[in-house]
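Structures follow.
Presented sequentially are two complexes of chain A, the first with chain B as partner and the second with chain C.
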Partner chain A sequence: MTTTETAVSVVVGFVVLALFLALVTGALGASYFLFLFGLAGMYALLSLGLNSQWGFGGLINFSVAAFFGIGAYGAALMTAGNSPIAGGFNPIFGLIVGLVVAALVAVAIGIPTLRLRADYLAIATLGLAEVIRLFLRNERQWTNGSAGIRGIPSFFEGWPVLGTLPQTMPSLEVVIVPGSPILLGTQFWRQLLNVSLLLAFLGATFFVLRRAQQSPWGRVLRTIRSDEDLAKALGKNTFAFKMQTFVLGSMIMALAGVFYAHLNLFVNPGDLDPITTFYVWVAVILGGSGSNRGALLGGFVVVAIREGSRFVNDFAWFPIDGAPLRLLLIGLLIVLVMRYRPQGVLPPQRELIWPSAIEGSGTPERPTSGVREQKGSDEAGRNGGDNDE
Partner chain B sequence: MSVIEFVANGVVYSSIIVLASIGLSLIYSIAGFANFAHGDTMTVGAYATLVAFGLIGGLGFTILGVPLGFFVATGVGIAVAAIVAVGTQRIVYDALDVGSIGLLITSIGVAFIYRALIQMGFGAGTVRYDIPSLRPIESLQAYGVLITAHDLATVVSAAVLVIGLHLLLQHTDLGRKMRAMADNPDLARVSGIRTYRVKLWSWVIGAGLAGAGGAFLGLFNQLAPRMGFNLLLVVFAAVILGGIGSVYGAVLGGFLIGMVVEMTPLLSRVGIPVGIEYAEAVAFLIMVVILLVRPTGIAGDADGGGV
Partner chain C sequence: MSEQPESTTATTERSEATDSENDDPGPAAGDDNPGSAAGNDDPVPTATPQVGAVEGKEDVVLRVDDLQKSFGGLTATDHATFEVERGTITGLIGPNGAGKSTLFNLISGFYEPDGGTVTVNGTDVTGMEPYEIAEHGLIRTFQTPRKLEGMTVREAMLVGPRNQPGESFLTLFTSPGTVAESESANLADAERILEEFEIDHLATQPATDISGGQMKLVELARAMLAQPEVLLLDEPVAGVNPTLAKKLKSQIRRLHEQGTTFVLIEHDMEFVMDLADPIIVLDQGSVLTEGTPDGVRSDDRVIDAYLGGGA
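On to the complex of A and B.
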């Protein structure tokens, strides 16, 4: 492991230890801890999606919040009890609708913008994301406008066993440190289900991305990112490849939105605020553009800033309010990362090397016999075999 | 409201957009990247004007209903915005070695820092200048135009600043150097122009104009920490429409986009059911169409150079 990897592992180890202590002593509620974990995982999922567009494809996409919102609203409109259109469907249909609409919108946004040069792409995607946000806010008859949609059921609602698991599981009381018991009640089991769902989403996404990025398709994409003219000279339809990775990334972002709808049980147009887009950008830049594990790290850091700055309001002696402090930290983080480590904390290293190239590590072995003798035995072998040339 | 009223409102709003888009276009062509902190630079100028006006006061007589002290305070706002921008260039952008996309991303961080500091200093709510609002000018009401003297002051001030910039660009040494740098930076440097100094001057002028735009936006509407960022995309639309690198294109683009945004309600009269809440969306869509059809904009050069 490199020095950075070691350092990061040490820091992560400390953080995990601190959280474990907080949990065990009851300072941090168990269900709130799981909620935070779910939020961090959601940002990690969003970062994986953006990474697929920016890290692997070199596409500057400032419409992350829009696709997140499409996933969230798709799930909400399909499943909420008081949804203006549809409503009451099984959450699986919400998932499907969210992903399909995200893919369609991604194609619609991609067609005019993916041929543009990088800074125009940034401005255009930001503008189109705002159009989507304005649409969701203004069409009150379809989306409930600024009031948002409440009453979204949990993802496992209506499932045979998992649907009622939070209620049927017995409340446990765990006593690790005598005197401060940890209660694991219905809320805890509900959040545990949410986290399991998130881990399933994360695992599936990670698997799909890894397979895609280590395939010939991924190789072409990396070439496009490094030097698009070269890829075109080699005869690749760069627009098609860029569109494919754009749609893939957008669907992953919508997946995160679907999870958010069933975690938070409430969506409103404020969730599509551009600040969400920039949170995810900070996560990707900080973690390391092009690196999936960097995206995970970035997601956790962003949630730490987001939720940590909320607690600032509890300390009355601290003169700064939570919301501008969050903005300041994010801004400083962007500037500092771009200044001192533009490649991110965990830039892709071993991820870039093809697995087959590092199989059988170590120096090449000395041959046991000379080359001539080997060649002779090879030819003898070949002549003895089929001669169908 | 009659068409004339929409046009009049459009002219006032356009004046503010024009001030911001000239600055953005200058910075784009000379510093070489899309400055996403430009909107928050407007906010900086506006709040600096607020503080200065509070300290200076009215100073006696008024011009077009606006106290003289406000114009002086706007001068302070322009200066503060310029100083902040130059400081940011020296502290942040100089040390970076990341290319124009990296600078774009960094400018987003800078924008957040500006906005966070303003919000910490002034709170998240809206404020207004301590200038009593006026009734529309009676003499113009006969023509169906409902604008106040403040609006007229905004338009006149913007016109003065734009004409001043034109004189600077065409008739002064600095202006010549700026045009040369925007056209071909390497050739400019080879011919002895101190490109770094010209870059700093372009920040001074670009951010100063943005600060002025912010001050007048506060007069036109009100001040809030998000006021600049909310306007940023509209300003980008104007710059792209006019053509990056062309100041005169930015003036035209700012004017057209400003008019479009204010005249959106007229679309429903013509049969296209787009409400006023989609006014900015219309501007963004125009921007995307321009990017598709003619990415160089109305007046930009093929390589985006030239002022």
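On to the complex of A and C.
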């Protein structure tokens, strides 16, 4: 475990260093860098959402893109200037609408399917993803159809100080490497605000999920994931637990969508393409199903591949185009992870008990080695004999 | 190391024993060797009266009345009727395909009966969801326990306690203190029970790494954390090595002495006959006969059913 963590930290360290070098030498614009960071965080958020469904409760959700889209369109339709419904609301209102609609859709799809085996939810969500996408594409009077919605304000627009911060901040020129100054203009400040918004969303989500995962609530879900009948036999209302985590995950995905709308300032039905769902699944499996840290890592890796592969087009000698290379790399990555590390790069901890409960208990926290087990089973044999003969 | 539970639960057992005609020194239940008590044949007054007789004052914890279930044309449960009294170990036997597991699934709510009723502790639970029936105190185990992935043994144990405050998502954030408190208490309980089961050395092992027999012990221990009114064990020693089977038997006996009511399905005749009293024999979905181990053993109909004679 710890060696993996070290390895992951080293790799992440290198990537950060490389990005920093690209930044100071002017190869990468500062605001584009922050945009990328926002995108990565958005994928991390989506992964966390899917992780709380698939990783915690074993729910197979193939409509990640749809819930993402509900969040994005909810925010866009409520706030954009040219919204066909009711634009111009405060972004906070858009956020709430996005989350509430996502929750309602999750409940609606959950009621008929969550009592059944996991496969049925998978099939239903596969259909739901298409229904939502086609609805947004075709119901022009409500959604502008394939033209999408433009003129979405930034999330902080209209806020006392933050709303005008990008314009009021001075344009700076930072020179670290002589000859390649870094421009910190309005764009940069705007993206910086976006990133802080993202960090707030991500931080809150991570906190909620971490607590949920370590709780008896999360434990019941893990039991359901392994053996739903067992959970039922022990008096757990498995339907309610599955519904709760399904709604929770869907709202987190919608949160990512809300952020995306205010990051990109433009949404269209193409944002709901099934490939997004696929990327998020890759991220969760890569990171380690059930692991929040893994979902974060997976989200960042997927964006690194997605965006990183764009740069190969800059090298004329490279024989493969960026877009197919991206899919090739993702496919290769999934095969390698499945073959050599099926539990994911950062699998969840082996034991998840409410932290303060363990401190009070007498037994050592660290799982013991196999040596003790051997001794134990001998002992078991002896005792069994004593009692019965 | 604590012996708390014995004091509270042993009393029910004792009062029940005094209900029988005289203070018989050897009540079959809980005795080390029930064979000796029942060896004198039927008329011996045992702690557990003949089932089937209408007994008003006995405390019936589970009543199955005229239960029916068929799958397509196959009748799996055919007007099954019996009662389980508090403090007994009731054995449910029958040849393969007699409908024992179906009956368990009907009682615990995993199947919905076509007719008849199931009453747990005086409440009609027919048609309820399995978790609701469990909330009424009927806890069951499964023939082949699936191992809980990514959990340690003690973590798997902690799924047992019913209605934990930390199982409500909102409570996690509104009063984390309550959650921590109950979690500490449950963890202490889990460790105490693991100790009583002499498997505390497994506490921090991954639940996927322990043997099938150990898993059965853990299952039983976990079921006790759910504080069952009646505990249904589905083949507790199937596929378990003889040493662990003995250990399971002594644990079941110990818990029985502390007042837990058991119903068990088991193919290992020696195991059932040694442990259970009364024994209910199922054949082709209905109750063939019921009685003491010896009574059942010498019943011709039972022998016919097992040997596939033209019953």
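Structural remarks
In the analysis below, the second predicted complex is superposed on the first by the 348 of 389 C-alpha atoms of A that agree within 3 Å, B and C clash if a C-alpha of one lies under 4 Å from a C-alpha of the other, contacts with A are read in each partner's own complex, and residues count from 1 in each chain.
Here is the rule we use: a residue touches a chain if its C-beta (ideal position, glycine included) is under 8 Å from a C-beta of that chain, and two chains touch if they have at least 3 such contacts.
What you see is a predicted model, and the numbers here were worked out from it, not measured in a lab.
Contact with chain C, but none with chain B, is seen for A:L234 once the two complexes are overlaid on the shared chain. Contacts of A:A200 after superposition on the shared chain: neither chain B nor chain C is touched.
Counting the residues of chain A that each partner touches, chain B and chain C differ, and the larger count belongs to C.
Of the two partner chains placed by the overlay, only chain C lies in contact with A:P216; chain B stays clear of it. In the superposed model, A:A118 lies in contact with chain B only, and not with chain C.
Once the two complexes are laid over each other on the shared chain, residue contacts for A:N138 go to chain B alone; chain C is not touched. In the superposed pair of complexes, A:V16 makes contact with neither chain B nor chain C. Shared-chain residue A:E130: touches chain B; no touch with chain C. Here chain B touches chain A in the complex through residues 33-34, 92, 95-96, 98, 100-102, 104-106, 108-113, 115-117, 119-120, 124, 225, 233, 236-237, 240, 275, 277-278, 280-281, 284-285, 287-288, 291-292, 295, going by the rule given at the top.
Those residues of chain A whose C-beta lies close enough to touch chain B in the complex are 60, 112-113, 116, 118-120, 122-124, 126-128, 130-131, 134-135, 137-138, 278, 281, 285, 320-321, 323-328, 330-335, 338-339, 342. Contacts from chain C toward chain A in the complex involve residues 108-110, 129-131, 134-135, 139-142, 145-152, 154-156, 158-160, 162-169, 172-173, 176, 179-180, 182-184, 186-188, 191, 198-206, 209-211, 214, 222-223, 226, 243-244, 246-247, 249-250. Against chain C, in their complex, chain A makes its touches with residues 208, 211-212, 215-217, 219-220, 222-223, 225-227, 229-238, 241, 244, 248, 290, 347-348, 350-354, 356-358, 360-368, 370, 372-373, 375-377, 379-381, 383-385, 387-388.
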